[in-house]
Amino acid sequence: MTAQDLAVRPSAVQEAVRRQISGRKLDIGALWFQALLLGSLVVALGILVSLLADVVGRGGTVIVERGPGFVTANVSSNPALAGVGQGIFGSLMIIVFVILLAFPVGIGAAIYLEEYAHDNTRTRLLNATVRNLAGVPAIVYGLLGLAVFVVALEGLTGGRSVIAGGVTIAVLVMPIVVITAAEALRAVPASIREAGFGVGATKWQVIRHHVLPYAAPGILTGSILTLSRAFGETAPLIMVGAVVGGFVNRPGQNLVDTLQGPYTALPTIIFNWARQPQEEFRHLTAAAIIVLVAIILVLNALAIILRNRFERRW
Amino acid sequence: MSANLTVADLRGTAARRRTEGLIRGVFVAAAGTSVLVSVLIVFALTEQAWRFISQVDLSVLISDGWFPRRGRYDVATIIAGTLTITGVAMLIATPIGLGAAIYLSEYASARVRRLLKPILEILAGIPSVVLGFYALAVLAPSIIQPLCGSNSLFSMGAAGLGVGILITPLIASVAEDAMHAVPMSLREASYGLGARRRSTSLRVVMPAAVSGIVAGLLLAVSRGVGETMVVAIAAGGVGGSLFTINPCAPGQTMTAAMTALATGSDQVRGDSLAFPSLFFVGLLLFLMTLVLNVISERFVRRFRRAY
Amino acid sequence: MTIELQPEERTIDIRLTTVTGSRPEEAAAAVPAEAVFELRKFSAWYGTFRAVRDMDLDIREKRITSIIGPSGTGKSTLLRAFNRMNDLIEGARVTGTVTYHGVDLYAPEVDPVEVRRRIGMVFQKPNPFPKSIYDNVAFGPRVAGLKGKSRLDDLVEESLRRAALWDEVKDKLGSLGTSLSGGQQQRLCIARAIAVSPDVILMDEPCSALDPVATLRIEELMWELKQNYTIVIVTHNMQQAARASDETVFLTMGEDRAGYLVEQGPTAQLFTNPQNRLTEDYVSGRFG
């Protein structure tokens, strides 16, 4: 037998090995398992689709029929006339409070934690406190708002007013701002800071000229996502007295009166309408939900666009 | 420059030291403010809660159901309501969330991941009011009512489903992060021994990621316990409820009880007990979620330390 | 050309001196060798771990001093002690004295910011700021208080010339510093360090991330810079130390894992006729 013969005619051993390692055994179990897993994602997708379909189906007609009138009209017990205008106004006022109060304090706290604080027990305690605050249920912040901003500080805020509501939501959202800002600051590479210190810059100069510009896109994205979340917060507003029914502003009211007077927000309107049994209110609720979801989607899309745009720069 | 250098040359200006100190002070103040909040919360809650406890006859806390208007504050009722709804929620959220997490982490290609992960993110962004409406308007009539054979739309089951949808993305993202953090070398060792993907995922990756997964589950429970809007809309229990753990029945949770007390559906203004009872329940809720969050954090630290 | 800084009363001094025609060793020998840094019983600690033990060391003016030794012997720690960069690390402290032109660098009144404006540093991995080339070089002078566009323009140009980078970037001063090649980025970092007119430049393995061609250019640059600046360079590359430095300091690690000074002397002598057995073993490749 020559080597050529061996090459042409495989031996029994070769044959056995070839049979063992080639060909695919059909593993039904694995296929089922994978299908099951994929199924969970499909269920999630299905829920999303079903929710959107239902909401658009119910509310679409209202929006199409009444158009911008729906967005501007006041809350009313007559479904044909009711609109979400006051809610949008109230929600916007609340967002203003969030931006003015939560963002500077939250980002400032993050800068302290990441840039100035030494790694000791006190700092670790501070970090843990912030994390725990972020996990407190929203309704507890509502309680805080009720006790402090509505009752105790009634002179300043006017009781159940948009000031109290805005400050409550700002306080609720602040720990999240701290956490997202701190993450963005942590992502700044140490070499940038070292280089800054190396040419004799002070701590604040390094932060201002290098760390903050580098972290700004991340902080901005996080802030916008936080705003989008603040828009949908309902429970605390109910606790601090956002009007759930309807109200009318007195004509000729000045800014302070408006700030200290009754108000409502888009999510609380939805809450109220959702509880009404009449079929027309179902449609109205769905329409209001469309408005709310549209606003949130726009904010989220803005955040994603900004993040992509800035990521390309470096 | 060399010969006449003194320490004074290296001191820097007083003005700069002042400015730097001032700026630092601003940031310290910001950090302090954020801590001030927790102090305020604890203080506000305990003060009013104490007022409730000291005024109330303790027997009222173990009465026949939660009916604040009639002076019945059976704490067990609302806690049972919370736990029932959270239980239903975890029952559906855990398999779906974990399943999605395993698929995204172990099976999906990068392209599929990029397509499917946004679904979870969008689901996570839906406000709870919207889910409450969805639970009442869609889930209750199409799933709960046929299953339970009831004619009332309101039930703890419907609310539980809604809360379940709410917390599924949370479980999915924390579990996925935990599994993703398991180093490739562990998987390679398993595949190298001839194991298939299913065995590797279930027997190697998941056990390695178990602390992170448990942390995620605890966080989800904490979130479910604190959830208000879905429950306030879909669970019924307005006006109060008897003790029940039947998901087909309406019920009252701690959170919904609080909204009812605050908006006046249960509140009798001027009633000395209703207002402080609100804070009593709030304190209970705060403590429950705090404990859950702290334990969850312990697990997170354990899973981070492992790698 | 001297540029006066009003607020801080410091002078950023751009000396256009060039030493032409004479070989570097002659020039060095002609200038008296004053000590810029004097270390006495210097130890550096990270918490309870001693990284560098009891060093007595002199660094001479307008020389290139290289610090060599195996990994982990505290070379970088030693280098960073000269400009107080170790202060940035949590738990870092020093014992013993480090004097700079006779002044105790670690005296409590001393502001590290001032120290770093006189003692510049180039890092192992080039780390230009994610800003334009111009802004990279101008940053140091700007935070030191220098104002005025034309003065900054002149300073940027002069620094880039001294870093042998001007011709390559003069038409694109506005483009990102990070868009340059590795070797160019490192020269940009050198220009950035030069711009604040230090009298010492510390270099922490500046060529370890660069290819041989870029490395050679940096070494040639070091020879030119030596005329105006004292240079201390940490290097892993023995051959680089042998060909590019005037004096060499050899560190190794003791049993307590702390680095200590074995031998210091003129480079030529240390490499061809080392006094210490350990030095000889290291330079002939028997360990490290």
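Observations, loosely collected:
To keep things simple, chains are lettered A, B and C as they appear, and every chain counts its residues starting from 1.
We adopt the following convention: a residue touches a chain if its C-beta (ideal position, glycine included) is under 8 Å from a C-beta of that chain, and two chains touch if they have at least 3 such contacts.
Values in this document were obtained by computation on a predicted structure and should not be read as measured data.
Touch-path distance (fewest steps) from chain A to chain B is 1.
Farthest from chain B, judged by the mean position of CA atoms in each chain, is C.
Set side by side, A-C and B-C show the greater C-beta contact count at A-C. Per-chain Cα centroids separate chain A from chain B by 14 Å.
Rounded to a whole number, the gap between the C-alpha centres of chain A and chain C is 48 angstrom. Note: centroid distance chain B to chain C, computed from Cα atoms, is 54 Å.
Among the residues of chain A, those touching two or more other chains are numbered 202. Each of residues 16 in chain B touches at least two other chains. The set of chain C residues that touch two or more partner chains comprises 113-115, 118. The residues of chain A lying in touch with chain C in their complex are 118-119, 189, 191-202, 205, 209-210, 213-214, 313-314.
Those residues of chain C that touch chain A in the complex are listed here as 83, 85, 88, 90, 113-118, 120-121, 123, 125, 127-130, 139-140, 143-144, 178, 189, 192-193, 195-196.
Within the complex, the chain B residues that touch chain A are 16, 19-20, 23-24, 26-31, 33-35, 37-38, 40-41, 44-45, 47-48, 95-100, 102-104, 107, 116, 119-120, 122-123, 125-134, 136-138, 165, 168-169, 172, 196-198, 219, 222-223, 225-229, 232-233, 255, 258-259, 262-263, 278-279, 282, 285-286, 289-290, 293-294, 297.
Those residues of chain C that touch chain B in the complex are listed here as 7-8, 13, 34, 36, 61, 100-105, 107, 109-111, 113-115, 118, 199.
The residues of chain B lying in touch with chain C in their complex are 1-3, 5-13, 16-17.
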